[in-house]
Amino acid sequence: MNIEIITSDLLNVATLVIMGITGLAIARIRNLFAVVMLSGIYSLMGATLYVILDAVDVAFTEAAVGAGASTVLMIGTLALTSDREKATPNTRAIKGLFVCTLIFAALVYGSVDMPLYGDPAAPIHNHVAPRYLGESMGEIGLPNVVTSVLASYRGYDTMGETFVIFTAAVGVLTLIGRARRKKGGKDGGRGS
Amino acid sequence: MTQAIALAAALAGFWVLLSGYWLPLIIILGIASILLCVYIAHRLDVCDHEGHPVHLTVPGLWYFPWLVKEIVVSNITVAKAILFGGVRPQVLRVKASQSDELGQTVYANSITLTPGTVSIDVDNNYITVHAIMDGTADGLRTGEMDQKVCKLMGDPVSESGSAKA
Amino acid sequence: MAAALDIISWIFIVGGIAFCLIGGYGLIKLKDVYARLHAASLIDTLGVGLILVGLMFQAGLTLVTAKLALILVFIFFTSPTATHALARAAINHDVLPEVDTEDEREMVRSTKTPSEAAK
Amino acid sequence: MMYAAAAAGVVVTMLLALVRALIGPNIYNRILAVNVFGTLSVMLIAIYGFVDDRPEFLDLAIVYALINFIGTIAVTKYVTFKDMGHGDDGDPAGDI
């Protein structure tokens, strides 16, 4: 084994450990501001993990949406509600633990059948991926394969997604903006 | 207008830096997005001498190396203080003798960028600074950085010491 | 020549890591949030700066170096703004720095923005 | 080898920042910790690009640096004014 692989593996472990600590803390801490901040850290770490796993486009999204936008939205929500979490009765926690363990076991069982990471014989590498990788440059003319898949091969799909996300963003902004508007009607602020 | 051209040039440089491709389609897309950005910046009225201070480029060549030297020196001072003690937080108020807001912003940001001092308020030509120890605070009390920023902005340099409190 | 560049770059990277670690230690050790701002700026300036310069020496004169320089410039221009915004937010919410004299405390209180001070 | 050491140093600093985010004690300490953590993520990704010998990951690091800044400003702005952009009427404080 060479040093690069060992380093990558250790980085994998380190990111997972940090994510684990953060996750446990999120579950235990009652101050919701702290939880939002910690979930920002969790997203940053998740995005770093995606980079290490070579999923660069997912890492972009995770950093922008997880660490950037959703932190701001959650802080906005907290300003409208309370920043203390109500204590939940212990019985429910046990039920929740049971459900989580069950789902975890099912997921692990499911992953047993999956092909090895990076296995060239895996089905996903033998369907449309070779064509995308080999011919998208000639067919579409964009150097980034992910972009040509998203914007061209699956263009209608992406357009629908964009509409959904845009609508959701407009909805959230409307909710937050209205609730905070002053009686005078016009906002005297300078905008951000 | 100079600012708009400078913004377009900066955006073009950024684009080339990130893409590194010279295909016609990509270049056209790039030019289109640059024009869109410049248009939006123009509409937002951020394309002025404050938002895009191109006139500071040449004086900046003298200022930035000095600032980097200051940053290195105070980094070492603060690192020593953290490791071996000597932390004594204090607040002081220094005069910002620059004539316009841009100059004061540059001064306040330089103060913050230098470890050991953080500007916490700018008001009426005075900047309130939180300093972590005597060494870093004394550097501001002599007003050396203030005069350097004045020189950068092309303002007249006052010779009097600028510390108060 | 290549070996010399290598050594220089490693000196920079090790220096940067050292400043990062000292800054991180300061984040834990120092007493209040304002003092910790200084520790964080240790990381934001020389910690990041030295590591990036070290990586630039490794990359040589390529597009990669230009990108590293771009990251450096971004962090240098944005970190003071973020720090200042954080300090202002803390002061406006009555988190005052630990200082020795009443004079200094009064100076801090007077910097609060009018709308917040009125509440 | 040295890249691994550099990455390890960054990860240890990240852990220190995480401890600060966990023990607080108030929101500003946590925002500070998250800001530092973001800067360190940028460094980790940059270093990882060199570990893996594919420095094109730097594009991602650039985006992170920008998002981190915007995120911190948005959160501090929100905490200061409890209000996204709509200041109080004619509030002179809205200029951060």
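The first chain written gets the first letter, and so on, giving A, B, C and D; residue counts start at 1 in each chain.
Quick note on the criterion: contacts are C-beta pairs under 8 Å (C-beta built on N, C-alpha and C of every residue); 3 or more make two chains touch, one makes a residue touch a chain.
Nothing here was measured: the structure is a model prediction, and the numbers come from that model.
Peer 1: Could you tell me which chain's Cα centre is nearest to the average position of every protein Cα atom shown?
Peer 2: D
Peer 1: Please tell me whether C-D or A-B has the greater number of C-beta pairs in contact.
Peer 2: Taking the two pairs in turn, the one with more contacts turns out to be C-D.
Peer 1: Counting only Cα atoms for the centres, state how far chain C is from chain D in Å.
Peer 2: 11
Peer 1: Would you mind pulling out the distance in Å between where the CA atoms of chain A average out and where those of chain B do?
Peer 2: Once rounded, the distance between the two centres reads 34 Å.
Peer 1: Would you mind pulling out the distance in Å between where the CA atoms of chain B average out and where those of chain C do?
Peer 2: 14
Peer 1: In whole angstrom, how far does the Cα centroid of chain A sit from the Cα centroid of chain C?
Peer 2: 28
Peer 1: Using the touch rule from the top of the page, what residues of chain B touch 2 or more other chains?
Peer 2: Those would be 18.
Peer 1: Considering chain D alone, which of its residues make contact with at least two other chains?
Peer 2: Residue numbers touching two or more other chains: 15, 31, 33, 59, 62, 68, 77, 79, 88, 91.
Peer 1: Two or more other chains in contact with one residue: find those residues in chain A.
Peer 2: Residues of chain A touching two or more partner chains: there are none.
Peer 1: Quick one: in the complex, what on chain C touches chain D?
Peer 2: Residues 10, 13-14, 16-18, 20-21, 23-25, 27-28, 33, 36-37, 40, 43-44, 47-48, 51-52, 55, 58-59, 64, 67-68, 70-71, 74-75, 78-79, 81-82, 84-86, 88-90, 92-93, 95, 113-116 of chain C touch chain D in their complex.
Peer 1: So in the complex, the part of chain C that touches chain B is made up of which residues?
Peer 2: 19, 22-23, 25-26, 29-32, 34-35, 37-39, 41-42, 45-46, 49, 63, 66-67, 70, 76, 79-81, 83-84, 87-88, 91, 97-100, 103-105, 107-108, 111
Peer 1: Considering the complex alone, what residue numbers of chain D touch chain A?
Peer 2: Residues in contact with chain A: 1, 3-4, 7-8, 11, 14-15, 18, 21-22, 24, 27, 30-31, 33-34, 37-38, 41, 44-45, 48, 51-53, 57, 60, 63-64, 67-68, 70-71, 74-75, 77-79, 82-91, 94-95.
Peer 1: Show which residues of chain A lie in contact with chain D when the two form their complex.
Peer 2: Within the complex, chain A contacts chain D at residues 3-4, 6-8, 10-11, 14, 18, 21-22, 25, 29, 31, 33-34, 37-38, 40-41, 44-45, 47-48, 51-52, 56, 59-60, 63-64, 67-68, 71-72, 75-76, 79, 176-177, 180-182, 184, 187-192.
Peer 1: Would you pull the chain D residues touching chain C in the complex into a rising list?
Peer 2: My answer: residues 2, 5-6, 9-10, 12-13, 15-17, 19-20, 26, 28-29, 31-33, 35-36, 39-40, 42-43, 46-47, 50, 55, 58-59, 61-62, 65-66, 68-69, 72-73, 76-77, 79-80, 88, 91-93, 96.
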